[in-house]
Structures are given as structure tokens and as C-alpha cells.
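Quick one: the structure is below, and I'll ask about it shortly.
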């Protein structure tokens, strides 16, 4: 940009660049568009391509001959098509992600409502305590749950030492419930902040007017609050659902090796045997479902609203 | 690679090797070690094959993967002038190298330490019994309720052979590679899936195994010897470790040097340091597994020697060494394990 | 829809008109308090695991609360002495700073385009701009890994992580800065232009000071996302790249709890301080929630 002693020709050149509408567009959008093309679009395109190539298990190099083998092996396995590791893992991931999203939604809504209604110091304090875990490392938060669960974990030992239970409760064991709790804990702030942004723009006088006119709380919620905050709900759900589908760290820590989500399957294929063909094909399915989710979401909310503008 | 005269040797190996780093760096002038910990030999291989053999100088995979490294032309022959501790190794391991890692008269790997996989159990709750894989797969082998109290090792290379030996498939385990037929793999897979509800889980990292054992999360666990040795040396005398009569799974980590390395001679010097008595003892103390050099016994106390200093490799007779899966069934082998994990 | 009112939102109790078990006032109060209770429980839910780690960081018994053995600062000493910890801290710091800077520059420029100019592929660009934030880390990590390694022949290392993280941080900057630009009063810029300033001066002296907090917030976001990322870094770092999260993961695998708890506690404290400062100095909360308007500046 401008220095104190501007080099006349450089500055003049820059000014000229910023004067014409086309060059202005080029300067502003150009670099990031190039970045996105080179680092997002191209790799994804390459991944799509790789899903149609096989990888030699001896040399780990790609054999550039188109084949559907990767996709076939996704559905190959002893038994029915819906029982293969890939399908099971994918389905399990969707289920876990959906439950997590719903849980986040129901838990975050009241808190977001409260935050939107209050202001001043209470607001700042609460927001501080909400944001702080959000900004601490995800790994730390996932790790913190490892200590909590398990037959000998903090939850069970605390309950036992308080005499509330006699033996470790199975529900506090590692496994799918633990994973759902861990994921909810991890992505809760995303949902909360998006909901809050939506609720904050809500005109509460409408609510009061409806109540004055005799609507019940449920009706107000159903007919006014939810439709007006739908962008926030959809946006928040997107921010929770998509990463949860591909979750890796949380199920690894909290699943005790017994639960396999699609992210773990892909990782094991790449890290273990570098089967990038299989991994790419599997990723394709996840990507398609993400695109589907985004398309669905964007029918209800535009991107500006995602940012809370 | 290190400026002003220092050579940096990049090593991908098991966590405990870091114990030897300081000593090796002070012994070898101008050498700096950069150790990347790995928890899987397969990972070491797949990284090197995928191109990272240029980034590493040394890897220490388990014996079962070494032939693959050799077949893929990733490794350089042992520089026997430099690795002068080679002769101090137990004869047994020198024989292993001759039989398994030698091509055209050139050896390609140096065994560093060894051990075997059996299973451990809590003797306070599990009565004495004949060591057998039955305890992992059968409900009434011992007079104790083991539902939900069993751990299997979280890796195909350890869990599948255990299941196979239980099912009596010694032939497939007796060659230079595991040669299961697809039917056998299906049988193994079904057995493991059937076992799953009785499992507490699959565990790989030693510290997790030890902690959960102590916490009482399980009573019987497939494990290596070193976890239990560590526990006993730390006071947990209720841990019993046995080699099942069907056959334990023997392993020996073997150091290989990348053919793409710029510092092969220095790398072999470092490898040589791994099996000096002093370093070998340090490694054994850290990892609780004996070195392939019997002379570490001079550096350890009598108690330590009993645990991990002076272990006669003759004990490996009758055990099945960890093997690589035959390439024609590899896909089925990998899928079988995935199916088990997905069930 | 409004019914012919048989209930009102007034707090008068109508005797006999209704068969309610509890009067309106009580219901209001109950709901109000339960809202607070639920929120309180939620905050507890968010905080308990972290609090336990912080507690254990000061405890002799590193992994379980019981049996409790006493307080100590040894864990911190151990962690701070660890060379590998310091190396990975510096590594992550560097990577995050470089990546976030790139993302900020690119993102600020692009935000102008997105909010002010109409161009043909704007919606497409906007969608792709969001994707790095939304796509699961595994998929982005794997895609970039095979792209760099197999197609471009670049082995994983410092450069690959920085590139990946700069992409990952871009959407955050985009969202935050463009949200700010939407509510930016362009008449200020017009005034400056009328007075003869060229675009560069306008940007430097008029626009930038006003949107600086948003840019700062975007940078901060991108920085933290990079610093705490594990899964992308896992695929894109080489043996010589020191990354804190990977260090921490190996500590977790080794259950080297003392150092790990201490480092986690230090991170929580550090971020608490930084966040408190940011919240008081600039309106970080507003930017995070994206609802700052010009009047609240």
C-alpha cells in the first residue's frame, strides 16, 4: 500500500488499477479466486479423478487407467450392500451427526434466546464463558471428555463416591453416546453463535404484540420466532452437521476402537495402506451429501445471513 | 539437513527410541536426530512408499513389513563395516536376518528389540488356567464372567492371527507370509464380529492399555509382553502375562535405512548405536522389551534383567512371528478387518 | 394466530375463570427461572471437562481425580522444560501467523468485491469461499495431501500446512469482513473522493480505520483455527514440521497427562486473557456474532 515517501510510478500504477471497474474487480477478487481455484477446486477435482483410478499396492503410485473398482469395493463385502464397512460407517456418521445437530439445537436455543434478551454485563460475562471453550483447542476439549467417560472415568467415580450408584453405569462407557456428547460439546458454540446472531435481529416487540393479542407461547414460538430465526437455525445446523459427519478426533478418543465413523475409515485407508483410490471414492459420497446439505440450506438462507449481516 | 557441519538424521520409529537420543547425539559428533514417533509399521511403510522415503533416513518397522520395504526398493543394504555391533546380536536374530531380510547375500535390516504378543489377565478376578486363546473367544473357558471385560489389540496384524490360531489355521500362519484363503478370512471375520459384544473395546497404545487395566475397565486383554512387564515393575503384581498354547505372536523391530537417504553411512552409525549395550539397556528400560544384543544385561540390575534384560530368544521357538499378508488376499484381509470394526 | 382471548399476558389472576393449577405470574416466573437454570446448566456442561483438566494440571495425580494427592506446579515446570513442546509451540505459532496473514489479505480484498461489485459468478464465488470452513477436515486434508504429493510432487511439510491453513482461514475473514462492509456507510468514502482523494488514500485513511476491528477479528479467527487444527495438519505436515496439536495428540496417545494437562491449562489461560482484552478493547463479540452496526462502534 502507500508508504510515507510514495514511489510515484508504483503508486500511480496502483491508483490506476483501482480506478477502472474491471481492474478493480480483478485486484480484489483475483488473488483469492486464484487461491481457491488452486487450493480447493483443483484438489477436489483431482480427488474426483483419483476415485476413478487404482493405486498399485506395491508401489503406491497411481495407475492412470479409469476404473470403477474403487466404487465397487465400497459396496463389496461379505453380505448385503448395506452392510459393508463403508455403508455402515457412512450411515452411522449421518445418524450421529443428526442427533448431535438436534441436541445442539435444542440446547443452544434457550441460551441464545436468553443472550439476545439480555444485555450489559450479564451478556458480556455469559458470552465470555461461552466463547472461551470455543477458542480453546478442539483437541483439548475432546481430550477432556476422555477423562470423564469410561468405567473408571470421572463421571462414574464421582457418582460412586457420592454413593449415588453402586457400580459404573454402562451409559457412561465409551461408545456412541459418549461420542455424541463429545461432538455436541465441540460444536455447540457454532450453533449458539449462529442462533444468537439470528435472534439478535429479532424484533421482540412482534412477540409481545402477538402475546398481547392472546397467542400462547407455543404459537408464538411456532408462528413467529422460528420462522424469523430460520436462517440461524439452518445455518447453525449446517455448521454442526457437516463437520460432525466427518468427525475423526472425537470418535477416536471416545469410541474405544469399537465405533467407526466415515472419517476414521478414510483416515485409516490413507494412513495405513495409502489406498487413496478407495479413500477418494468414499470421500466423494461424503462430499455429495455435504453439497446436498448446503443446497438445501441455501434455499432457506442466503450467505449474507450466514455471516449475520 | 542441518547447517555448519551437523547432519540431521530423520527417523520414524516407536516412541521409546527418543530415550536414546541424547546419548547418541553426544556419542556421534555432529549428528542430530529428529525422531518422528509412529504407532504402526504399516504407516511407516505406506509413508515411505508414498514418497516420504526421501524425507526419512531410518525407519524401524516390525519384521513383518521389512520384506515389503525390500521388495519396493526402498531400503539400502546394511553397511556391515559400520554396524559393528551386529556380531554381538543373539545368533537367533542373525539367522532371522539371513533367512528373511537377505537378498543376494546382502542383509537389509538390523533387528533392534523383540517381544511377543499373548494376553494379560487380572489374577485377582480370573482364576488360573491353561493359557489359550479360548479365553478371548469362548464364554465359559474360565469360571468368571468376562462379558464386556475383554480387550483385543486394535490392529489387524495382531487380532486376525489370534483369531486364526484359535481356529486352528496354523498352516496359513506358517509360511513367510500369512496365506489365508478368502473363506478362512470370512471365518475369522465372523468370529471377531461374534466376539465384539463381549469386548470392552480395541486398544493399541500401551499407556491406554495400562491405565484402563488399572482402572478396572477390563480383566483380560490381548497385549504385548512389555505392557505387563511395565505394570509389574511398577507394582501391579496382580497382572499375569501368558503365551497361549496355540502360539504367541513374536515380533522383532528391525531398523532399515532409506535408499534415497543422503546420509546412509551416518544413518547406519545411528542404527549401530541402537544396539550398543548402553543404548540397548536404556531402550529396554523405557520400553520394557529386550534388546537383540544380550550384552545389555551388563548394564541392568538383576531384577531388570529378569524382566527385560536377559530374555533367551529360544523362547521364541514355537511362536509364530508376525507376518505380512500375502498380496493376493490383501484386499480381502483389509476389508475383513474393516468389517469387524464396522460391525 | 390470535384467539379471542381467554388468557391474557397480564399478570392478574382471574379467579374462577380458569382452572389453572398455577397462576400466570408463577408460570412466567417459572419459565423465566427455568431459562436461567437451563442456561446455567449448559454453561456448566461446556465448562466441566475443561475445569477438570485445569484442576488436574495443578494436581499430583495426573489422570484421575481420585485419589487426590495434592497440588503442585511440577506439571507446568515439566511442560515448559520440554524441548519438543516449545518447538511445536513456535512451529504452530509461525504457521498460524503466516496462514492467517495470507487469509486476511485475500479475504479483505475479496470482501470488497463481494459486497460492492456485481459480477457474474458472485454467488458461485461466495459458495466456494465458504466451503473450506464447512468441509470436514478429513476430506480437505486427504484431498490436499494427494494433490500436493501425487500431482504436484510436493512432499508434506511447512509449505503445505501453511497453504492449507490459509485456505481454511479464508472463509472466516470473508464472512466477518463482508458482514461489516454491508453496514459500512459508503458516504464517508464518497465524501473523501469528492474532496479529491484517490482510491488508495480513501482506503487507507477512511475505510481501513473503520473496518480495522472487523479485519482484526477475522485475522484472529483465522489464526486460532489454524493454531488449533489437528486433522488437516496431520495429513500435511512432514517429519520436520513441528505442530502443537500433533505434539499434544502424541502426548494423549502416550497418556503423558502431566505435560498435556499443563499445556492445555496454559492455553486456556492465555486465550482467556486475550479474549478478555479483545472483548473490552474491540467489539469482538459483535463480530463473532456478526451483528455490529455502525452505531455500536
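By letter and in written order, the chains are A, B and C; residue numbering begins at 1 in each of them.
One rule holds for everything that comes next: a contact is a pair of C-beta atoms (placed from the backbone, for glycine too) under 8 Å apart; a residue touches a chain by one contact, two chains touch by 3 or more.
Owing to the predicted nature of the structure, the values given are computational and were not obtained by experimental measurement.
Among all other chains, pick the one whose mean CA position is farthest from the mean CA position of subunit B.
Relative to subunit B, the chain whose C-alpha centre sits farthest away is C.
Averaging the CA atoms per chain, pick out the one whose centre lands closest to the mean of every protein CA shown.
A
Centroid from C-alpha atoms only, then distance subunit B to subunit C, rounded to Å. What do you get?
The computed centroid separation for subunit B versus subunit C comes out at 41 Å.
What is the distance, in whole Å, between the centres of subunit A and subunit B, each centre taken as the mean of its C-alpha atoms?
The computed centroid separation for subunit A versus subunit B comes out at 37 Å.
With chain centres taken as the means of their Cα atoms, state the distance from subunit A to subunit C in Å.
Their C-alpha centroids are separated by 13 Å.
Provide the list of subunit A residues touching at least two other chains, using ranges where the numbers run on.
Within subunit A, residues 152-153 contact more than one other chain.
For subunit B, what residues touch not just one other chain but two or more?
50, 215
Quick check: what residues of subunit C touch more than one other chain, meaning two or more?
63-64
Which stretch or stretches of subunit C touch subunit A in the complex?
1-9, 31, 35-36, 38-39, 42-43, 45-50, 52-53, 56, 63-66, 105-107, 109-110, 112-114, 117, 119, 123, 125-132, 134-139, 142-147, 150-151, 163-164, 166-167, 170, 174-176, 178-179, 182-183, 198-201, 203-204, 224, 227-231, 235, 245, 248-249, 252, 260, 264, 267-268, 271-272, 275-276, 279, 285, 288-291
Touching residues of subunit A toward subunit B in the complex: what are they?
Going through subunit A, the ones touching subunit B are 57-60, 73, 76-78, 83-85, 88-89, 92, 150-153, 174, 255-258, 260, 265, 268, 271-275.
For subunit B, which residues are in contact with subunit C within the complex?
10, 12, 15, 34, 36-37, 39, 50-52, 54-56, 205, 207-208, 210-211, 215
Within their complex, state which residues of subunit A touch subunit C.
1-2, 11, 14-15, 18-19, 21, 24-25, 27-29, 31-33, 35-36, 39-44, 46-47, 50, 61-62, 107-108, 110-111, 113-114, 124, 126-133, 135-141, 143-148, 152-154, 157-158, 161, 185, 188-189, 193, 196-197, 200-201, 208, 210-217, 219, 223, 238-239, 242-243, 245-249, 253, 263, 266-267, 270, 276, 279-280, 283, 286-287, 290, 294, 298, 303-304, 306-309
Could you please specify the touching residues of subunit B with respect to subunit A in the complex?
For subunit B paired with subunit A, touching residues are 40, 42-43, 46-47, 49-50, 71-72, 154, 186, 189, 196, 199-204, 212, 214-217, 327, 330-331, 334-335, 338-339, 341-343.
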